[in-house]
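Naming follows writing order (A, B, C, D and E), and every chain is counted from residue 1.
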């Protein structure tokens, strides 16, 4: 397992410097460890960064993922890019509101984003502006809340849809005694 | 009839329809190490030619539609073998929003094997049991489907739109 | 004969079709025998793994997570363990690392054997799958002995492996590996050097270097296109930097033939790694105690870990909020890149007779794209 | 009386054909490092298929297809001598009738498959018919020297003319025999010419929509076809003098065919046709040239 | 087309024997570790439910087995496995604390009926030890080794009366708290049924106040219990079956110690009902009873003969085991709740029992066992022979006690251990402990035995002193003793010591401490009242009903005088129960 600082991280530092000089202070770049750089960017800067990185030789669109930070009311979109020459993954992360906010599509920069965006759209309900076909991808005839959202309760859904009883109940729990004795504080 | 039952029991053509994890133990069962063909069981490419439908593991709703359709295309008598825990009571995917839990609600099942996934030996034993049942004329789950057609359709309609996915002229 | 505008046929490969790789379907529009358009239709195997992992404790996800990729389940386990270990900064015992290498490489061998059988099956050479999958069973026997399960091993745990290797296991691994090496000559004769196979596979389904890079192809498919990229070399995870092995680079055409042959030579390299790992394995503990599976917590943070599977770069993006359950886990399956967008691109203009061979030679494994 | 005789004849050939299929499966299995089913397995399969209750048809032609195919191949038997017996029908030039009737089978299939509206079946039939282009001509050209040599176009006459061991067509015209073997491989639809069935590509092709009794009929067609096709070759090139000789001959030929089948992948259709128009055609032409040179 | 015809090489397999395993005629051997169907050894299974908790598939359900009796550390639940869910991962085996559950090498259930796939495994399929997926303490997920409580160096600590333990550091405590699986079997072991998993979990989260809050539900003296409890909970702990139990006691002490002021957590009850209750004796039973009475607004008045509260906690337990600071902290908190203490007031002498009974709405008897018993051997009358109870009491109260250099302690209980170690601290050079049974039979807790041994006490087991020999001036010079022999009798639970009377040996001794037991003092109770109470056969313990009420209306009892288990936690439990009984008796709605 590679750990921070085991080897010199020339490439990583160079890319960090380049991104910082090109995009200014709004973009925060952290070197997480060797081969991994995380870039926190505001929404409007995300696509320019992707375009810039593509031009820098980050050919591989490894992954587009979405994290539902329900407490903050945000979706975090993480674009994971890789360059063979630098041997570095850059994870460009941006936050959008959970409701009523869309993200411009990246398919004009990376073709590979096509299916990833479809998946994220289906699983989280994130809208990608300008995507030609955000339709059914993995699910068929799905109605209701996108399943990967944190507030989608799959067990309750299963109970209802498949007519299965008592899934939400844990099968073995200690019987809680509701009354806490006279020592109760309130 | 007896002769038919006998030949049916000795010649089970299974549909080459592998869904889910159980499909991974089918190749070893089919191929040289365990050699299922010794019992006259061979994979067939289309439902029309098959007698035996293997549900090798979980079924997503999307697959279930196709399975029901394929099942209805199979000529009777037809047999269904439920493979592994997932077909019995949901198995690993008991809380997955996209996987059906009890196969018997949607199509009748003749025999189940436990396991996640079952070993080839267990699969062969299940085939032999099925073979015995057919020879005795006991494997009659397919009749249930015709008799309780409405019930099965009702259950199916709970998970997907039956109208949209049914073949009109067939039962 | 359904006529769809200009096209002669509208045609489905899968989900119930021997020529489909696993349970996935391709919607094909063809003019005569020539494919004009192909559209992958996924979701037959979508089980919502990523949702399910969020509902389970860290340790409980081990039996679940490996079911994502059926032909080679160990990569999921190891990756998941690696992600936790990286977040929690756990040092895995040496011996466990070596055992992991052996397990991973054996899994690679078994996946490749399945692959050879699959490709040969698509062109009707049914003797090859019978052989390779039959021989693969010997690897499964090893797994059964080591892990207690034939296909689903559930052998990894946080900080190591669940059990030490049984007595005499190393010898049996070496014996099986020797046997497989011997059998490789038979496969050569019957399959890899078969003139009709060469005739059918050469120049078919070409993924050249540009296309491979454009569509983020990884793994043997990328190497067969002449790009020497192997995670084991570029970013050596576990202890791959300690082993002597080459990444074969004699095939650069990117056609079906190159892809098959690339794997055939990688098969030999994996055998080399197994031999070295078996020889160098130190004594010692094989895992760390996690003490309480119900209260095991992973430090807050996110991590992207990847490894080289038999299909390409396999990655996990794991987010932890410091709780007992993963906050988010996203699986990056190699098939997502070479099973969807790439197929749309390269299948145009190919013959219907070849499409299933191309799909099999790309080693499209739908479950890792659908999860 | 002769009708009854014919049916007995048909039954015998069908059963033996099915047993040959069983042998084929067994032999293939052994090459594949396994045991395989019992030899009588195909008989059970057919019995089972005929016992199926519920079958679906896609129209008259679809149901008729297998019937046409089977009757076509069965009527071939009328002209095919099993050894040095007089076939039920024989006349000058019955070879041409046989070759013609052999086409009836695939044609019947083509009609049936076309009706089924399954693209797989349609593609398969297109393939089967274009493959026919390849092997029919080769086979005809390969048999030509023999008939030419004996100055007859009747199979029965050819057998009689060949007599005992050294006077076999295969020994006199080895080149033509080789060409005929190539053609036979294609005629029987075995690999590398199993293009019309091709489960991995087009889901067992023409049979894709057939089930139950129709499929059983197709199995019988295939079983009789094995005997007819190998028998034709044996009759022409080995001149079997009695029925045992005939069946030994057909068995050996069939054995060779399935051995090749077991170690071959299948061609793509245009490759197959191109292949036939390569070496086999050359061999066939050489065979014809040989007759000229001989004279 | 090339001329490469090597593929015909494959035909060589025609003449080879296939490698097919001809199931069912041949069997392939299943690997030893195979994960098949569950097997559960019911003789080991304790029904803790951890298998059900870890199951990813919710395949395991704990089912009540009516034929089984729940025992301490054991429930009558047994796992039922649904093979329509089970995925054979074996995690249930790796988490099983007793190792009763394993996966056998059997793997087949084939049936047409879904119901056949759900059953309660027992040993039916077992193919014997060493086969199937088993887990031992090494391979288990669980850590069977506890974090040892750091102690002071024995050579140092025996010189003074300071606390012998050093206490957990936060890191150690949390590390130890991690081990708790939350199965709650320990609760059955605890007489007062504390919410052990809950407070340990709170410790794990570093939420000590929450933890203390849970403790006060049924124990008003958590830190004292966290120091000197007899920790029956640890015997019931699931880890105890194969390894070392969780340090429940010290974790509790640790957490309570982390909260300097209980008032913030528990608060002080401001309820007033106007009822009042007298409590006799200021031991743990009365303290506990008084605390819970006060929480419900009942005035509690404790009458105590001594000048200090705590009863046996103060008088019986030496300060090196229970520091005065802890005692003060907890008792002060009880005082803060409004409990009135009347020290130096001996019931029967300073105030009569009848008066209490008249004046108060209810009376609670928590007088305990505080009279030490003697052996009745020749020479025990006279100086330099102590009973342990008196000795410990005097030492605790700070009275000057003089003992000799060579001390013999007779007995094998906790009190005997306290006596030996107190003797060491009082300056004795040689301390011999004589016990008539074997070492393993000693009722004293293992920790105390180890601690005493570490401090240099010589254990002479299977010895029985027969005579104390004194010189002319009355000083002890020798103690004669005989050795005993353990004899097993038919039907007896444990072997009986039989002295070998003909072989008399002797020790050089100048002080003898007898720690062979204590008894209650009923002298304060007038004959009339005593007759109204119902005692057990040996005339020692009062028999009470479920509400801890004696046969006299309004008189409740608890602690050692009721409970056969003579320990602090039982007394606390009794006190709490009695408080609930009194509340019920007085008709106060909660």
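Quick notes
The definition used in the following text is that a contact is a pair of C-beta atoms (placed from the backbone, for glycine too) under 8 Å apart; a residue touches a chain by one contact, two chains touch by 3 or more.
Just so it is clear, the model here is predicted, and its values are computed rather than measured.
Looking at chain B and chain D, the chains in contact with each of them are C, E.
Steps from chain A to chain D, taking the shortest chain of touch contacts, total 2.
Relative to the centroid of every protein C-alpha atom shown, the closest chain centre, again from C-alpha atoms, is found for C. Taking each chain's centre as the average of its CA atoms, chain C and chain E sit 54 Å apart. Distance between chain centres (mean CA atoms), chain A to chain B: 39 Å.
For this pair, chain D with chain E, the centres built from the Cα atoms lie 88 Å apart. In terms of their C-alpha centroids, the spacing between chain B and chain C amounts to 28 Å. With touch defined as above, residues shared between interfaces to two or more other chains in chain E number as follows: 1, 7, 10, 18-20, 22, 53, 55-58, 87-88, 182.
In chain D, the residues that reach two or more other chains under the touch definition are 29, 31-35, 199, 203, 262-264.
Shared contact sites, meaning residues of chain B that touch two or more other chains, fall at 16, 31-35, 38, 45, 47, 62, 90, 92, 94-98, 102, 116, 119. Every residue of chain C that touches chain B in the complex is listed here, in rising order: 15-18, 22-23, 43-48, 51-52, 55, 63-64, 67, 70-71, 114, 117, 129-131, 133-134, 136-137, 140, 150-152.
Those residues of chain C whose C-beta lies close enough to touch chain E in the complex are 56-57, 59-64, 127, 134, 141, 144-149, 152, 154, 157, 162-163, 166, 186, 188-191, 193-195, 198-199, 289-295.
Against chain D, the residues of chain B that register as touching in their complex are 3-4, 6-8, 10-11, 13, 16, 31-33, 35, 37-40, 44-51, 73-77, 170. Touching chain D in their complex are the following residues of chain E: 1, 7-8, 10-11, 13-14, 16, 18-20, 22.
Contact residues on chain D toward chain C in their complex (touch as defined above): 28, 31-34, 114, 117, 119-120, 122-123, 126, 191-192, 194-195, 198-203, 262-269, 271.
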